[in-house]
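Consider the two complexes below, in which subunit A is the common component and subunit B and subunit C are the respective partners.
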Partner chain A sequence: MAGLKIVVVDDHELVLDSTVTVLQRQYPDAKISTAQATATALTLIEQTQPDLVVVDLALPEQSGQVSRTETGLQLLRTLLQRFPTLNIVVQSANAKSLVRLKPSINTHEGGFTIAEKSLPLKEMLTKVDWAIQGVVYTPREMRTGLEIKPEWLEVLRLAFQEGLQDKAIAERMRVAERTVRHYWTQVQDALGVYPDAGKNNRIQTEIRAREEGLID
Partner chain B sequence: MRTGQGIWAVLQRELQLWRSGALPGLAVIGLVVALRLVGGLQMLEWFALDYLLRLRPPEPTDEHILIVGIDEDDIQAVGQYPIPDGELADLIQTLNQSEPAVIGLDIFRDLPQEPGHQQLADLFRTTPNLIGIERIFPRTIAPPPALPTEQVGFADLQSDPDGKLRRNLLGAYDAQEEFSFSLAIRVAGKFLGDRNLPLESGLRDPYALRFGKAELPRIQPNTGGYRNLEKPTDEVDTFINYRSGGHPFEMVSLRAVLAGEVPDELVRDRIVLIGVVAPSVKDIINTVAVSSTAPNPAPGIVYGVEVQAHAISQIVQAALYQRPLLNSWGESWEYLWIAAWGILGISLGRFLGTPWRVVAGLSVSCAVFLGLSYWLLVMGWWVPLVPPLMILLVNGAGITTALFYRYQQDLKQQLRDRQYVIDHTFNAIHNGPLQTLSLLLRKTHSGDLELPQIEARLKDLNQELRAVYELVRQEVLTRDENLHLAEDQAIALSESLDEVLYEVYSYTLKREFDYFKTLKFSVTTFEPLDTTGLTLEHKRNLGRFLEESLCNVGKYAAGATRLDVTCKQEEGWNVIRVMDNGKGFDPTQPTTGGRGTQLAKNLEQQLGGQFRREFVKPKGTLCELKWKAAKIKSHS
Partner chain C sequence: MLSLLLVSGLVWLAVVHWQTQQALRWWFEQRQRWLCREAEQVRNGLLQETFVMRRRLELSLDEDGVQHWIEQMKYLDGHLVQLSDNLAPPYGEVSLPLAIRDWAKRFEAIATPGAQQVIALTLPDFWHSEPLIRSQILLTALDQLLHLVATQNNADAEMPISIELRNRQHWGELVVQIHYASVEAAQQAGRSPELKYLPRTFQVLASGRCSYRQQQQTVSWCFRWQYAHDKV
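Up next is the complex of A and B:
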């Protein structure tokens, strides 16, 4: 992964350092920059146009101020709005507060994964890797049963009942092929289908969709 | 940020207050001042002056003046009119035996009235303390030819346009361009001159006339209540400060003098004025400031000789005893006085607050104002009375009306607030404990609930009921900007509406409802809505509406496997739609969720939107509220 640009945002210097160290070891060629407050983070992201942003939720607006989840949520909101294809990893101890961003996450076209801070290092790196691949991952407690969007249902129907390929689906739905791929990642997150070596994602998705009764 | 908003709010409030309170008040002041400037208040101010003069405390009879009033009976006794010169000569001679200071003959004698003309002409020539009269303005009447010029004063009296006499002409140029003095000046001049108080020119005003310290204030075209008074600039006149009381001067008849019935001391050293007080002669003037003391006086009418007595008396009394002469302030002081009372009137409303206090304050102000004006007049100052009174009353009435209106509005607001609290309380009870209770009832009814489960539910219910107070208190009293779904679940309404609604959806679907359990999946769309015109309260109620709609699915949508929740803009409408594929409740049965429907109906009305709740084929229920941002009623 040459030329990978990463921005890490965390208010704790210690956490920041360890995250950077781990990431640098995993991606030796990556250029990693850091920020400790949302204001500086936003400027940094605008300037460097990174491939991946790793953000903490509890953040201050300016360094030195009190860290608040609200502030971190606002940063995320801004990022989702202004950088629709940015890959984002959210490091958080409390994923529940992200519930209200669910509608925005669902329409986000970049990768979006949530890595609980308590996760082992390896798991964390997996979430980072997924995000870079454009995968969407939200933890169980953020969900309200199986929740899907009408567009995703249509993709499933066209793919598994009419046997269409993405290109054809895009034509039928009058959207870009990229959007169809984005629907796939979203519906896969909803169904709990994630990249797994040796398994075919699409087939896994079909199996899960039939299980849940999304398609007949 | 918050303090900035605070200051701005205070400023805006104050501006609002001034716009609705002070500006009309200031406009009233301006209007009244303008009205006064164009002379629109002149008549009222004259009337007020006359009326106040009449109200003054009575003064004792003037001991320096005696009026010999030739009345109707005198004329009858003499047997002819005009009174012949001989009779007048007899009268003057009789009077002179008692050594009066000066005699003013207020009867025209330009022509001989036989018999006895020669006798009178001789008297005119030989009596230095006798003053006669002429008329200098058209139609002019010559003085008695035998009388030396310095013993002649003019008797011209100039009434105001309303016919009432308030001014006394003291000196003016006659037809021959000679400066002449009035009878009053001649008589008073003789009387005071003998007492070392000769006629001099004024000290403060060089064109005014003065006896000792008594400078007679000149009237200008805009003095006092006068507005553009038409008079030659070289005329000198002053206000008549009528001597008040029922008996200002002693008056005796011609018969009484000739019969020797008049005591010596009524004549000695006095000013004796001789005039006709018979109605048939019509030497009368109009005034309401004083009444005539002649026999059978008619209201509002005083005889000429009486007016001369008042005019002479005020000069003599001022010179000898400093009795006040009637004066007025400069124009600028008058307008300052008017404006000051006007501003006081406005402050009444600003600082007293309640209507009754304003009415009381207004009464006190008016009383103080009238008392002050009266006192000033007694002290000789004619100050503007009508304009400030008008402003006080108009502004006071305006303020009081406005306050009563506001009071009414406050009452309405209170009722609205109360309704608001009631609604809130019911919403909190209905969407929380009542739902749990109805669930419990249904379960116990069907008998598929074990005792421990019932107990657990009851505990929940207990908890929910106890939380109601805190929920309502937070939402209603603290102007909380959150929607409280449960004790520990507050949603910030300041967030965008779609986020708020999503949180409501997300939280509600986790609640313990039977038919949520059968749901396999839900199809959701949460997209930004056009929130233009929505208040926090609207947002709160939209959240409640979604909560209520979802609860209904949980309670009634038996066997539902799919739930569709849509919050988005569709063809210009903001749409919140909840649809399930369950059995739903019987449409022929009255709905048990009356309160929820009412909430939806209220929202529909407030937002000018549409609410519907209906069956969908083949099975399921649709609940939808949609509105257009442009149609929201700004105030509901």
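Up next is the complex of A and C:
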């Protein structure tokens, strides 16, 4: 992927090195920058405007300070607020604490995936690829008690009952086409539908939506 | 004179009881903080090391030769994640239902080998914010109760367990129902001295109530506590 700009944020130098090596091998033309604390990460992201940020949760505010999950969560909160279309991969050994940011993640318009540090290399790269594609992937616990917003239901109804395409759906709902795409990624995450080779994502969404009784 | 002595004695007993309760709560809180620090050490230390080692193995050129070691690292990693979650259960400060769900998943995985632990959960999707310490007390009580029950149980006997979290107007209620294989087994479980400590401990630490009731083969434990304004 030519011209891809990636920022990797992790307080452990060796973790940072491993992650950069893996990403550079997968995306040889990508320009990868790194940061080990939230203050430098924020400056770097503002300066480079990356396509993707791979970020840990346990981080110090400044280099040399103690790493805390709360500090990493605060960085993520800021990123979700300031960069609504930024693609983010959270790579952490304690990703469960992300549940605290659930409302902000739900409204984020960029890709957002979670890669536990215990994931094998191949699966971690899949999560990176999904984030670059704009997919939202959150752990099952964060999707407990299927929460479907009325606008997502409207998208499902217009697409699968009236057969409309995104452009027509956007016109009917009086929103931007980008917003409709955002609704798709959110509803697909809620239904547990993710890119799968050989399968049509929209058809999978329709099947799952019918299973859950969201459309007749 | 006698009544004055009696009143003084009662006041003294109440003060001693209150001081003991405060001391025990302090002790529990310190212990929980220590466990959280230990869990952080695992997450921010050991798990980072295993991550680096695994990635190096995965990136090595001779992938077939290292596959065995990758599997070993995966196994070690899984145990470390479980250890850190046991030390400091996730979600405690965010959502009690999520914390119970996560705890139940781990309990089912590590319950006494051979025992068929099946936990049916009825948990609301939404729950008001609980102080972290109360969630920790409830999870500890739940864990102690079911580990004691699992230890008593005949390894081959099926023992369905159901847990329900109920939202009452001014208090929360956690009901644990254990269905024993026979009435005798249920009666015997009730005679365990260790299980008799549980209501008292819960009362002291959480300022709540814990009651126990047996009906045929089913034993119900009910934990009740007041919401927000009361101090834990």
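One rule holds for everything that comes next: the second predicted complex is superposed on the first by the 216 of 216 C-alpha atoms of A that agree within 3 Å, B and C clash if a C-alpha of one lies under 4 Å from a C-alpha of the other, contacts with A are read in each partner's own complex, and residues count from 1 in each chain.
Just so we're on the same page, a contact is a pair of C-beta atoms (placed from the backbone, for glycine too) under 8 Å apart; a residue touches a chain by one contact, two chains touch by 3 or more.
On a predicted model such as this, the values are computed, not experimentally measured, just so you know.
Taken together in the superposed arrangement on subunit A, subunit B and subunit C clash. With both structures placed on the common chain, the touch criterion links A:205 to neither subunit B nor subunit C. In the superposition on chain A, no contact is made by A:138 with either subunit B or subunit C.
Using the contact criterion defined above for the overlaid structures, shared-chain residue A:36 touches neither subunit B nor subunit C, since it reaches no partner.
Shared-chain residue A:149: touches subunit B; no touch with subunit C.
Residue contacts after overlaying the shared chain place A:118 against subunit C, while subunit B stays out of touching range. In the superposed model, A:213 lies in contact with subunit B only, and not with subunit C. Contacts of A:103 after superposition on the shared chain: subunit B is touched, whereas subunit C is not.
When the two structures are aligned on the shared chain, A:87 is found in touch with neither subunit B nor subunit C.
One of subunit B and subunit C touches more residues of subunit A, and that partner is C. Listed for subunit C are the stretches 25-33, 43-51 or 205-213, of which 205-213 clashes with subunit B, judged after superposition on chain A.
The contact surfaces that subunit B and subunit C form on subunit A in the two complexes overlap at residues 99-100, 144-145, 147. On subunit B, the positions that touch subunit A within their shared complex are 491, 495, 498-500, 502-503, 505-506, 509-510, 516, 519-527, 561.
On the side of subunit A, the complex with subunit B involves touching residues 99-104, 106, 144-150, 153, 212-214. Those residues of subunit A whose C-beta lies close enough to touch subunit C in the complex are 12, 14-15, 17-19, 21-22, 25, 58, 67, 93-94, 96-97, 99-100, 116-118, 120-121, 141, 144-145, 147. Put simply, subunit C touches subunit A in their complex at residues 40, 43-44, 47-48, 51-52, 54-56, 58-59, 70, 74, 77-78, 81, 84, 90-91, 94-95, 97-98, 101-102, 125-126.
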